[in-house]
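We just call them A, B, C and D in the order they show up, numbering each chain from 1.
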Amino acid sequence: MQIELTHYLLLAAVLFSIGVMGVLTRKNLIVILMSVELMLNAVNLTFVAVARYTADLTGQVIVFFVMCVAAAEVAVGLAILISIWRHRGTMHIDSVKLLKW
Amino acid sequence: MIPVSLTDIQGVLPETIVVIAALAVIMADAIRRGHSGALLPVLSVLGLAAAGAAAIFLWGTSGTVFNGTVFADGFASFFKVLFTVIGILTILFSPHYLKITGVRLGEYYALILTAVFGMMVMASAANLLMLYLGLETMSISLYVLAGSQRGDVKSAEAGMKYLVLGAFSSAFLLYGIALLFASIGSLDYEVIGTFFASDFHPGPLLVSGLALLMVGFAFKVAAVPFHFWSPDVYDGAPTTVTGFMSTGPKAAAFVALIRVFGVALAPASSLWSGVLTVLAILTMTVGNVVAIRQTSVKRMLAYSAIAHAGYLLVGIVAGTKAAFAATGYYLSAYALMNLGAFAVLILLNRRDEGSYRFEDLRGMGFAHPLLGITLSVFLLSLTGVPPTAGFFGKLYIFSAAVEQGHIVLAVVGLLNSAVGAYYYLRVITLLYMAKPEGESIIVQPAAYRFALVISALLILVIGIFPEQLLRVITLAVP
Amino acid sequence: MILSLCIALPAATAFLLLLLPRLAAQAVRWVALLGTLATFIVSLVMFANFRAGEAGFQMVEKQPWIASIGVDWHLGVDGISLFLILLTTLLSVLCIISSWSSINERVKEFHFFFLLLETGMVGVFCALDLFLFYVMWEVMLVPMFFLIGVWGGSRRVYATIKFILFTMAGSVLMLVGILYVYFHTTDPATGAHTFNLLVAMEQAHYALEVQRWLFLAFGIAFAIKVPLFPLHTWLPDAHTEAPTAGSVMLAGVLLKMGTYGFLRFCLPMFPLATMQFVPLISVLALIGILYGAMVAMVQKDIKRLVAYSSVAHLGFVMLGMFALNIEGLTGSLLQQINHGISTGALFLLVGVLYDRRHTRLVSDYGGVAKVMPVYATLFMIIALSSIGLPGLNGFVGEFLILLGTFASNAFYAVLGTAGIILAAVYLLWMYQRVFFGEVSHEENLKLKDVTLREGFVIAVLVVLTIWIGVYPDPLLSRMQPSLELVLSRFQAAGVSQLLVP
Amino acid sequence: METILFAAFALASILAALLTITAPAPIASALYLVVTLFCVAGLYVLLAAPFVAAIQIIVYAGAVLVLILFVIMLLNLKPVEEKISIPWHAAGIAVAALLLLVVFLTIMSVSSLLPPASPLPSGYGTVGQVGRLLFTKYLYAFEVVSVLLLLAVIGAVALIRKPDAGETDAD
């Protein structure tokens, strides 16, 4: 069987949905951050696959940028997590009770 | 090969100045840690003013720079000026707030500048990747700003919530971009526009991509039902940042909406205008109805910000040049009135915990005439009472809707603004028609008073004589 | 120029007041008085320059304002608006005088808002541009909001919010109507859309279906202002809670903005729809007349009683207007002026009593005529004018209205007459309980009669009631050509045959 | 061969992703995420994107995940029972499933229209080629992203730095 663009797109869709599910069903903030990373990975996979099947490098360049953004988001996210941890000693959305989720 | 020409650099001159100013602020803060006094805000304001001047200087250029990835047109210039105004006002309101809340974060001003930078990138993006990068630059600055009140756990949690939902929605936006890319093969607005303008059958992949893109945008402008994050974030963030967040990013997101949906995707409007109409109606109505029930003025303003996003969506739905000009006008007016309202709230808040209860405003109007008058002007403008800018903006947006035959949308929107009158005027009744609770002494720094008076006057001036501003915007609309 | 001056003078005076020191209450009063007086004199000059017998607009001014969307500073006066402007400027002067001693707190702010209110009201009656009209219509809300809310009675906040919300809900619908008209009006000179009312009227040839919607969009806003039953519920609260000057302006002028709106916009622009709505509005007007009168009868508070009497009187105005013949229209317009004079005077009179005793309950009085004979006399004349006694102004108006109504629908006229009888009952009954009999409360023994200042204010209005009652011709001759022009719109629309039932 | 590799990476990545979002201990989640990232990197190689694959491993697996693990260790996070209500849980799964269904059907319906694998120009996906595009068309984007990284660093440091003397700390 030949692997087509369709297969990559489907795989990306599955990974993206798993990420969405993680964000929506977990309460541990750090796991939620990781789920967002899953979603971004799925998007990246889509870009790279499209780049391959259209022989256009643009897709790969975009992925480079998305990775930078993802890294920045994680860094800031973890910093805020630590500052919450200092106050509360926990990482659950449950404990974030001052603001309704 | 030199990939950069002078035109390229000129096209992004305001952005460059803002970044340089941000770097200068960081350096100054590092050198004089904790003893910088008024240096940082002064540097920031100067930088923003220079950037604004540069944007005005660039007025009249058109086309794109950097290989078609960045617009250097009047529309971008207009919004760059608006962003610098928003930035300057926010910074003028900030030192006092940082002092009373005990925040000593030198990075605060640098982050305001980088957020302004991100907004400028969004406004001038001619490519979906640039849009995404501008959005993220702005958002990450805001995540940190929202969480910057380190003594207050509410602030950190607001920052976290903003970050999680921001990243979540960005992922949707990006997935939408990816699917569009898969079907069109380019991210340039121009190519997308040509693609849609030529005869096409919207393939399912394209429709899904558009839908995801729209979900992403809806999150960003806090349109119902993707609004639930915004009141909490607005409530928890430091109040100056809340004012900033509810005006600048909203303007930036709407410029992008105009450029992407209003212009590039205009030929495919049958695909999205129906959905956007429903979103607009829901957003206006839910925002207003929920705002009525709030007990904190800050939360009330947060929900009403949702309602205002609904009015602005009407402009996108109407989809004409006049409608986009109206959106630009309304965003300018909204920036002034909303920032101003938050700024007065900061001064009037009598409790330390930042609760902003309605009761705290009792009788403050006569006790503090300047604050009372300016807040009244801001609130009347938010309500949409003539001769304020808020009125003219609303009229202009809804007239565009009526012109395009969206009469139901206009009726719903205007009835909503009558609902809005209830909770905005309630604040005024407390200011002037209730007995004050004891004496209160309020510090009013000169820069603060200056910024308030200027904002209020501007609201009246562009409300009574909108002609000049209208002409400028109308010329700028792509 | 003269109309702009009429609008600008009060506003300029208002901002002049802001420059005065906060505590110089007396200076504030004098400046405000001079400002309103100057405005009144200017409006008298305008009256003198008005050419009777002409139907169209006179003293027209037109300056571009927001050129890119076709908004002009466009003013003019015709027989319909002439007397409403005069009424506004006159009542403003009288209100300032009457507030001389009753407003002692925040004097500067009070006069500031009052003068802005005058600006808005004169602006509404002068505007010949739909946008300008709407702006003036809304601008006037803000000062009224503050006048009721800050200087009003105990339930003032509730009353003022209710007033604002009712008015705004109506006016936003009107705005949609205005925008629709705007996009169907093209300036022949420029080819762009315009808010010019004269052009809009010329080009108003809408299909019946469209006219119906537009009539509703405009009409609901006006009906709330009038107020037409069942949209009247804001009125008793606002009138009762407002300070005397506010009540006088509310009753005297603000309500007329609604009836003026019908006359200026709905009738000439949407004649087909107007015809269709005649039965509905007539019935609502009749309900208003009877309901207002009956509710007034059972009021314990004198001011509330006067407020409900306004509902009844404005019912007459609407009834006459929707008779759609020249007698009815003339009577309707004249009665608007009359109501302004006599109800304005009634609120002023109630204010005089309230200033002395700080109560408005009928039961707190009795035998007042014995201690305040001059006051009682003035009150009697005004009450009789309000009832419609021949020889006083109310009679002329009501007579014309009933004449007009009888010509179009005799049944309505009969019911309307019942309203007049009821008016006599509630006013005279109240008069009897307050003024006649023994002095039942000791405090009332020491009541001082009207001062020279108070007496002057009311005397001016009494003279007017008698003058209009005896010699209404100067008014009628100036009104009728313009009203006939309105009626001619119905002939032009091909509905004249429908006018006879 | 390619087919087998794709199948292996695909299945492994899906499995690891599922484990990432279901593992009770954050540290386990992080490790499963590393597996997913490696699988995706493998797919990038199959897609003729060796440069991207390298960055994926260096930046993601190398830097981001290490950062996450570091924070987990630093804060000594242990698995805690997450009291999540059943309807909320179900709703989350439903939304994700619906999304998947829609996108899945979309892709299936257009699968015949998607381009087949075309022959690649020489040097496709190498550092030089990617770099050229990066520094020509996307030069400005590159500048923007550098500002973004800078501000992220500044922001992160600002947030976790001990409050300055005099700065109030409520807790």
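Just so we're on the same page, a residue touches a chain if its C-beta (ideal position, glycine included) is under 8 Å from a C-beta of that chain, and two chains touch if they have at least 3 such contacts.
All figures in this text were calculated on a predicted structure; none of them were measured in a lab.
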Chain whose Cα mean lies nearest the overall Cα mean: B
Reference chain C; chain at largest CA-centroid distance: D
Length of the line joining the C-alpha centres of chain B and chain D, rounded to whole Å: 30
Between chain C and chain B, distance of the C-alpha-averaged centres to the nearest whole Å: 43
Between chain D and chain C, distance of the C-alpha-averaged centres to the nearest whole Å: 70
Between chain D and chain A, distance of the C-alpha-averaged centres to the nearest whole Å: 5
Shared-contact residues (touching 2 or more other chains) in chain A: 5, 9, 16, 19, 23, 33, 54, 58, 65, 69, 72-73, 76, 79-81, 83, 87
Junction residues of chain B, two or more chains touched: 129, 133, 136, 140, 143-144, 147, 150, 153, 159, 182
Sequence positions of chain D contacting 2 or more other chains: 103, 107, 114, 138, 141, 145, 148, 151-152, 155-157, 159, 171
Residue ranges of chain D touching chain A (in the complex, touch as defined): 2-3, 6, 10, 13-14, 17-18, 20-21, 26, 29-30, 33, 36-37, 40, 43-44, 46-49, 51-52, 55-56, 59-60, 63-64, 67-68, 71-72, 74-75, 77, 80, 82-84, 88-89, 91-93, 95-97, 99-100, 103-104, 107-108, 111, 114-121, 124-125, 129-130, 133-134, 138, 141, 145, 148-149, 151-153, 155-157, 159-160, 171
In the complex with chain A, residue positions of chain B that touch it: 129, 132-133, 136, 140, 143-144, 147, 150, 153-154, 156-161, 163-164, 167-168, 170-171, 174-175, 178-179, 181-182, 185-187, 232-233, 235-236
Complex contact set, residues of chain B against chain C: 366, 380, 385-387, 391, 395-396, 398-399, 402-403, 407, 410-411, 414-415, 417-418, 421-422, 425-426, 428-429, 432-434, 465-467, 470-471, 474
Chain C - residues contacting chain B, complex: 65-69, 106, 134-135, 138-139, 141-142, 145-146, 149-150, 156-157, 160-161, 164-165, 168-169, 172-173, 175-176, 179-180, 182-183
Of all residues in chain D, those that touch chain B in their complex: 102-103, 105-107, 109-110, 113-114, 135-141, 144-145, 147-148, 151-152, 154-159, 163-171
